[in-house]
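Below you'll find a set of structures to go through.
Heads up, the next two complexes both have subunit A, just with different partners, subunit B and then subunit C.
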Partner chain A sequence: MQDKKGRMNGKYIVIVGCGRLGSYLANTLSQWGASVVIVDLHEESFKLLSPHFGGFRLTGDAVESGVMRQAKLDRADLLVAATHDDNVNLLVAQTALKVFKVPRVLARVYDPRNDDIYQELGIETICPITVAAELFLQAVTEGRLPGEER
Partner chain B sequence: MRIILAGTGRTLYYLCRTFISKGWRVSMINPRAEECRELAQRLKAVVVHGALADPILLEETGALGADAFLAVSSSDADNLVSCQLAALRFGIPRVLALVNDPDNEDVFRRLGVEAFCPTPTIAGLVEQRSALDGITNLVPVAGGAVNITELELPAGAPATEQPLGRLELPEESLVACLVREGRLILPAGTVEPRPGDRLIVVTLPANHGRVLSALLGPER
Partner chain C sequence: MTTTTVLVVDDEKNIRLTLTQALETLGVRVETAVNGEEALQKLEHSPYALMLLDLKMPGMNGLEVLRRMRELRAGVRVIIITAYGTIESAVEAMKLGAVDFIQKPFTPKEIRELVQTVLQRGELSADATDYSTVIELCKRSINEGDFTAALLAAHRAVSLEPSSAEAFNLLGALLEIDGKMDEAIRFYRTAVSLDESYAPAMANLERATTIGRDGAISLDGI
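Moving on, here comes the complex of A and B:
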């Protein structure tokens, strides 16, 4: 992680959802030099952020475009939608892309069955179960994890 | 006409009942099991229990070949995604979403989903009715740009003390008609309104308050 410090300097990133994924991304991207705003419905969720997290916390419902405006989404280089509700992530991602014109938008989606529709609408989705399953299958068939050279 | 309703609560029940009475075939998708049991007992409709934006459940409700899809849940996100699925995956020609946050009405349109929000209409009605006695009706038209208000003139109201033509009303407002004892009187400038008469006035949100003050008096 040391060599990645500074690689996100000057980037403005909005993360919606401060669960395990959202907080991990917020901690890491802020460490890499990005200005991060993290949005969550509940203030207690911010306990997952590291004490070194240098970004902003915003308590509010990202489904309300007023809250997204408060997060200055129109200036963001990247939005990550990482709440536990697929449909909230898809709504937030589309609003970011089409209304706030955020150049890159990523959404975590648990149910991959509607992926084709969201690809069509320009949303990049990441399904943790598909990703994990592929890694498992690769480990099973090749006997080692990708990235392990020997 | 075959319509699919997605959502929860009383709204879903009464909408379904209305559409059935029009002779439409109605299917419903509702994530609350208890409500599904009740709906199935009380209405002649297909009721499917489950998440709103589940493609397999949507197919079970007969999404293929349906004429219309209406999402009325309390989650704007669920309403958006289920409508997009209905339109894009199942090709349902008429798709409409309820939005709970008034700001989302415009957002949904920009995302290609037709949306309606009842909140501003209800808020406007409540505000006007509670602020002013004698106002019995207020309808926003042209997307809220123009109000049509019906009001009853109390004794002593400025409008009852002079002919209509002498009243100083703000520009871009109009007394459209006067109703006296159930009869319509065209509001020519010489007509002298009496207490108990009802006026239908056309106003803009910007001059609404001033028009009402001019007709009913400043303390209103």
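Moving on, here comes the complex of A and C:
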């Protein structure tokens, strides 16, 4: 944990989407010492942030480049696209990479079939369904099935 | 800079925290105040090299703090913190010696760079001939309330770099402070024509050409 804190100190991170995932990441990265800006369309989404969240909240549509300029995306070390919409995540991630030249871009992708498109564009992705499926399969293969001897 | 003390004045805890964290790595001592009243109390009792001041606070707003601080203690440099999307049409703040702005959200790097620039401004040689130093000298004169020297420096900056929107905007603002509104508007126009994306000049031009021309800083997001 100390290592993570050291690495995050002074980093400037923009997170798009303040749902359960976005808010969790924002809370944690902010606790680790990063300077975090979280962007969401709806102000009430920020209720999910912990009272100890030490970053900035920005209400607006991340698809609009004006909003991203307000978030000073050109200065970001990392962008995380974590909205509920794959297409929005793709657009935001691509803009961050190509227009704002953000050195590292991570996007959540819901539909595993979209994964290839992201990869082709050079965007790192995390697909919660694939991750969960792999964990399930691991649990299944490592665990005992009925009829198997120990 | 080991003994330099900076005062951070903001009602939002996260801003105080972010600024403190960013500045401590510079080796400066950071103190905080949660509102204008507390800031003035601290300013009365301790010397500070620099104050980072939020304009929009409940109770006494930042401009009022600036006004009262000038009565109490001169020589404290000020960086004004502005809200998202607010444009620094800050002639009113400039009259009170504040010429540096930082817009939320800010990155630790830009805070450190601006604070260093403002703190090191005091050490600049007055006979510098390069554009960026002349701009800094102009800002230093504004910090010190010497508007005659600031106006001279702004004229020099414009002649050194005739394509700089910042220099024309600064010259316009100083002329506005000097009561020469028509000339000021001309320079704001030039600044905008040089760089249409230069928001401070756009804001100054819009304000100066709007009926009322009160020169007041906008405290609401534009």
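Points worth noting:
Simple rule for what comes next: the second predicted complex is superposed on the first by the 136 of 150 C-alpha atoms of A that agree within 3 Å, B and C clash if a C-alpha of one lies under 4 Å from a C-alpha of the other, contacts with A are read in each partner's own complex, and residues count from 1 in each chain.
The rule is short, and it goes like this: a contact is a pair of C-beta atoms (placed from the backbone, for glycine too) under 8 Å apart; a residue touches a chain by one contact, two chains touch by 3 or more.
Since we're looking at a predicted model, the values are computed, not measured.
When both complexes are overlaid on subunit A, subunit B and subunit C end up sitting side by side without clashing. In the superposition on chain A, A:28 makes contact with neither subunit B nor subunit C.
In the superposed pair of complexes, A:95 makes contact with subunit B only, with no contact to subunit C.
Once chain A of one complex is fitted onto chain A of the other, the partner contacts of A:117 are limited to subunit B, with no touch recorded for subunit C.
Of the two partners, subunit B and subunit C, it is B that touches more residues of subunit A. In the superposed pair of complexes, A:130 makes contact with neither subunit B nor subunit C. In the superposition on chain A, A:56 makes contact with subunit C only, not with subunit B.
In the overlay built on the shared chain, the residue A:87 is in contact with subunit B alone; subunit C does not reach it. The least CA distance from subunit B to subunit C in the superposed model is 10 Å. Taken together, the two complexes place no residue of subunit A in contact with both subunit B and subunit C.
Within the complex, the subunit A residues that touch subunit B are 63-66, 85-88, 90-92, 94-95, 98-99, 111, 113-114, 117, 120-121.
Across the interface of their complex, subunit C is touched by residues 9-10, 12, 33, 35, 37, 53-56, 58, 70-72, 75-76 of subunit A. The part of subunit B that touches subunit A in the complex is made up of residues 52-56, 75-78, 80-82, 84-85, 88-89, 101, 103-104, 107, 110-111. The touching residues of subunit C, when paired with subunit A in their complex, are 13-14, 17-18, 21-22, 25, 84-85, 104-110.
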